[in-house]
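The same chain A turns up in both complexes below, where it pairs with chain B and then with chain C.
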Partner chain A sequence: MVQPVLAARSLSKNFGPNEVLQGIEFEIFSGRAVALCGENGAGKSTLIKLLTGLYAPSAGHVEFMGEKVVWSDPRQSLAAGIAVVHQEFSVLGALTVAENIFLGDEPLTRFGLIDRRRLTCNARVRLDNLGITLSPDALVETLSVADKQMVEIAKALRSEDEKVLILDEPTAVLSQNETTHLFRIIAGLREQGIGLIYVSHRLDEIFEICTDITVIKDGVVTTSGPIGGYTHDSVVSAMVGREMGELFPPKAAVGAAGTVVLKVEDLVVAPGVPSASLSVREGEIVGLAGLVGSGRTELARAIYGADPSSGTVTLFGEPMPWRSPSGCIDAGMLMLTESRKDDGLFMETSVARNFTATTPGHGAHPAAVPPGHEERRAVLLKERMGVAVDHVGLPISALSGGNQQKVLIARLLENRPKLLILDEPTRGVDMGAKAEIYRTLRHLAAEGMALLVISSELIEVVGLCDRVYVMRDGEIATELTGETITEERIMTVAAAETATHRGGTHHA
Partner chain B sequence: MTVSTAAAPQKTPRNRSTVRAMQNRERILLAGFLAAIWAITTALSPRFLTPANLSDILVQTAPLGFVVLGQMVVIIVRGLDLSVASIMATVAVLSTGLIDNTAVIFVLGLMLGALIGTVNGGLVAYRRVTPFLATLATMIVLQGIRFAYTKGAPGGTLPEAFRWLATGDIFGIPVAPIALAVVAFALHWVLERTVYGRRLKLVGTNPDAARMTGAPVRLIVLSAYVISGLTAALGGLFLVGYVGIVDNWTGRGYELDSIAAAVIGGAALSGGKGSVPGVLLAALILVSLFNIVVILGLPIEWQFVIKGTLIILAATVYMKRRRV
Partner chain C sequence: MHDVIRATRAQPVHLVVLALIAVVLLIGINTSDRFATPLNFANVQDQIVALAIVSLAQTIVILSGGIDLSYAGALSLLSVVFAAIAGDSAGTLALALLAVLVLGALIGLVNGMVVAYVGVHPLITTLGTSTILAGAALLITRRPSGSVPLLFEDFTYGRLGVMPFCMMIVIGLYLLAGFMLWRTRLGTRIYAVGDNEQAAAVSGLPVRRTKVAVYALSGLLCSLAAAYMAGRFGVGDPRAGVGFDLKSITPVIVGGTLLAGGKGGVLGTALAVILLALLANVLNFLNVSSFYQWIAEGLIIIAAVSLLVGKGRS
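Showing the complex of A and B:
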């Protein structure tokens, strides 16, 4: 049997009490492309970090070219020929394409200065080999998102002897045409004998370009083998581990929605971005779907007053002239942000204080906080929301993603909101917690709350929302209701090529 | 909702202590350090542990104590106030120069301090000038105003009542530390027990998240500099009262001493951390060290070596402890 280039041998990893990966077996062969599938939080990125030496395994080991290896540093795996293109760009806008590709490894003149002629020349050769049509002298910040992605790939493959290329959700920001182009490049790389790991949520793509598939769920490999033995449905059920019906509570009956709670008219988020209008009614869960970078988060933040915008936002028919987060909170509109770490949680602060951050004196005094008040309040977190924490005085960084998210949602509910905006409410949350969050959201809607949910997971949009706005290039491209909410319809609209798509530089 | 850590059942959680327990341990560490240097000095010199000397240490701690309280509040919101020493001198020079009624001097001084703090805070919070530059500029401008006013030689006498505030005592307890204790207690209560205090710390911990929870971030940042202006004004007035002479360079070096004390006392320059007891202990440690150097007859330069070493020690200890 052919020996794999890179392999995981009963690889395990735990962070404190959390076993993120358990006994993973995973192989990559040269010239083949293996799809790594799994829900967010299943352990895909942890596996990649173990394979490349960013993390050290708790048990098991990594095998490279048939030899057991212990990377103590990601640079070692890089030097050995394992290249990674991360979801977040690492290219520097102020440098040229050539400078980015050879960053840190520039050809030097005999005086030790950068040899610009050779730099440009080498970059052109690399780009040509990869079939990328970009000028080495172009400034990266002037490129479209897709072209930046190409620069990332060229940078990852700058040396000739790469053996493995790991692509983490490479098409998340690409349009259909750009994706097709990327696939041609990937096919070329396979012919050159490079082994690929392809991480993606998009099953169509996986079936199009991958030769093998490995599905991870809750830190264990649930299935793996040649792609021919799988169908869409079998991959989904391996990823999710349960049927859609178990995951999502039943939707509201058609026409059950009440009066209009939120009405957004002609909201312009930034100069040159098309205006957006939408409405959310009582008892309704409205989805905001679209690709990463389609302007969903920007729109939500503008509604919430977190970023400046022009246009009108009315809540229960009352216009909100002065919009700021605190004004929205007073009016009964609260928002859960996309990134817990960046603008959601206070990481080194206690669970209790995170929970009471919006309303420190709630139920006691408008300006003062009696001793022990927040701890007493926060105990309810455990009882009512089932947050698993030994002591509410622990820093919130000690909690798992799912529990952190529950604390944040509980915090929003303390204000008795009439409208909730939730940006990626289940990001980085395990399946069990996901199902609980879906149930909670549906329960809130049934009690009459209006919910606007942004999600990049189509299965979530389809399973949860009563009505869906699909965004593309900063505008609301279409509205779907009832039976018309399907993954296919959403993707067709969201990923359609438009004139303005190329050169789009904003991303969520 | 039920717990969903099915992947890892019955695992012993890593032994992490509560946020409060960690802060308490830091303060115990500081108190232990203070006790240790006092004990060593007592063993080495009989002149240290006398009521007169301890009273001296407390009186000398008062001005720095005031200043470090405000400095800490600014550091909590990720700032830095380099203008505190300049505020001390300017407030002292102007208010004692203009008036000779003790009460009016204090009112005028506090108003001036608040005004300067508003300028600092306005620049930082609303014009987005970095704290370092904003307060550096204010420091220089104030210096110019002060010298223009005094034409280089400040004069004026201090009222008796004013001197008593800084050097007198009530039933044997010096007045200045009592005043500091009152202000410190009030600030401690505000930080720990009010909505404003909670928000202040949250803004320092994560301004973006604080904004999303409805905190008026810019107003809170502004207020921190106003508090620092007020405490620096108090520090300046108590210092000239103690020294007995108004000088253009009153409080020289207090900007760095106050930052040092704040950091040793547990305030993190990355924001969000700081406690009144912690920074007051640190101020007491710094003043004690100065006193000890004098008592033991060591060369006066040694205090700088000790002070610098202490900052490095504090920084490394906190780094290690906090990176859990």
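Showing the complex of A and C:
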């Protein structure tokens, strides 16, 4: 039996009462590529952080080259030869490409000073070897998202003796060409005997480049083995734990949508960005799909008046010349932002007060909200949204991501909106809560509400939306309806190669 | 050219500061015959020395994503200690210098340890140590006391032509700091930690040790400024540092260094120190009350930050 390079042995991790991972068994062999699959929040990122020493395990241990290791710092795992390409960029904007690649490992002169010439030179060699055409002297903040990702990869592979390379969603921001290029690099690394962990939502990619697969769901390994024994469908059902039909409620009948609620014409978000036009009807869930950075959030924020823009937005036939969030709320248009911690919730405040925050006086005299009023209203949360909470006086930080999201949606509904814009409504939410949120959204649509949903999860766009706009490089590239809404169609359009600007490439 | 810009971290905002310096110089020349004289310029430089050293320290701390408000207390205590030991001979002077350097580094180490290892916000940590040190200074002496040897006092007043000796030291310190930020690993780490601490950590940088080093360096520079101040006054003033906590930040911000860290450099701070000193000097010639000088300084800070913010948005 060949010995794994890196392995997790009954690894568990708790955050307070939340059991994020339980008894994980996971092995990486040299020269093989194992796909790590699972829905958002299943525990993939936590597992990677445990394997690299960023988190300490609550139980179990990590094995490296057959020996138990206790890494208390990512520096130790880096030194051992475990490189990570992080999902959140770890490249620094204020530094150059070369400085980023060799950060913490700069070539030194005899006097212990950074050898600038060799720094640039080594960086160029490394970039050339990987076939990346970037200037080592370009400032990283001037680069496009895809180029930043390439810098990240070059940085992870700066040393010659890497044993394990972990790629966390490396293609999320890459175009087709760049992805193909990355795959060639990965194939080369495998031949050199490097063991790979490949985290991705894109099943096609996994079947193309991986030799093994491990699926995690709700913190436990549901299945694991050589990839030959799996199909797309078997992976999906292992990830989701249920059939698509159970997750998503049936869509509205074709042609059931009513009058146009929102009409956006020639909206220009920023100078130089192509204009966008779209509409949303009564009783309809419209999706806004596209890669990260394709301009979905920017478009939604402009419609909502959170950012300035030019063009016309018509709500219920009334043009809205001066758009502002408060004006939109008065007109019945509400938006759920993508980051509930930054833009939505008061984390240390009670569940009840979070729920009533935007409508404190409902059902009471506005000048004096009687004690207990908020709590009584908050009881509705349990009834209407199925929020699992023992006591609504607890701080909302004590709830799971799914329940927090339900509270936020319930709060929006207290304003009796007619049009709801939801930016990543199920980010960081477990499967059970996801299904409930989907049911709620479909129910609202059936009652005549118009919904515009931004989502990076293709399954969600396909399963939930009646109509989908696909964005690419800031413009709406196509519109899909009914049977034409498939993951393949969306990806083909969203990731099609365009003349993306590649900042920094032309620097001297 | 590209390397020069990278090495000095030159930014467009530095041209604005340079232009403002030119404007102030022009106003000065048109205001008084005594403005554009060697004596006046030497005086302006004397005004610069202490603030320039402390602002240099603050620049490095802010670049690393921190802030050091301990200067008010630290300068007071260090100058009292210096004057208490310095006596009247070269031997005691050397001992005093050594003592404040060690004490200054120690103050910085404590700041750095509390910030990096205990995890207290630098604003709170250094405000706390500043209060402690200010109290300690007043416990040692209520009024200015102690003495410094005449040879040291002469040194702090001495000039080579139009340039005070201490100004040369200041220029040397700025060059050293600029070199440190550009050519040493510590320098790169300071920028990395200030830009994105999380990213620096996953890149395997020693984030905590970098922070400790930065505050220790800050304390060391502070002790030099304290010795200089004691030399100028001839005694140790237990209130010498009052106001230096916030005063040290102004040139850093006006010079284009991001308060959030990770971006900027010592060149901007140097230019801003010169601008602010010249401005105060010209307003003196114009017989403007020093209270208006405060108002002018406040306006400049806000204008500088608005400029940076506006640039970030476009």
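To be clear about the criterion, the second predicted complex is superposed on the first by the 485 of 508 C-alpha atoms of A that agree within 3 Å, B and C clash if a C-alpha of one lies under 4 Å from a C-alpha of the other, contacts with A are read in each partner's own complex, and residues count from 1 in each chain.
The working rule: contacts are C-beta pairs under 8 Å (C-beta built on N, C-alpha and C of every residue); 3 or more make two chains touch, one makes a residue touch a chain.
Since the structure is predicted, the reported quantities are computational estimates derived from the model, not experimental observations.
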item	value
First, second, both or neither for A:103, with chain B first and chain C second	second
Which superposed partner A:436 touches (first chain B, second chain C, both, neither)	first
Chain B versus chain C as contact partner of A:78, first or second or both or neither	second
Which of chain B and chain C A:95 touches, first, second, both or neither	second
Partner chain(s) touched by A:475 [first = chain B, second = chain C, both, neither]	neither
Chain touching more of chain A, residue-wise (chain B, chain C)	B
First, second, both or neither for A:113, with chain B first and chain C second	second
Contact residues of chain A, present in both the chain B and the chain C interface	none
Residues on chain A engaged by chain C in the complex (per definition of touch)	54, 74-75, 78-79, 84, 86, 88-96, 99, 103-106, 108, 112-114, 116, 137, 155, 508
Chain A contact footprint on chain C (complex, rising order)	2-3, 6, 182-185, 187-189, 191-192, 195-196, 198-206, 262-263
List of chain A residues in touch with chain B within their complex	14, 16-19, 22, 218-219, 304, 306, 325-326, 328-330, 335, 337, 342-350, 353, 356-358, 360-361, 366-371, 385-386, 388, 390-391, 393-395, 398, 400, 402, 406, 411, 430-433, 436, 439-440
Residues of chain B defined as touching chain A within the complex	1-8, 11-14, 16-21, 193-196, 198-199, 201-202, 205-206, 208-216, 272, 322, 324
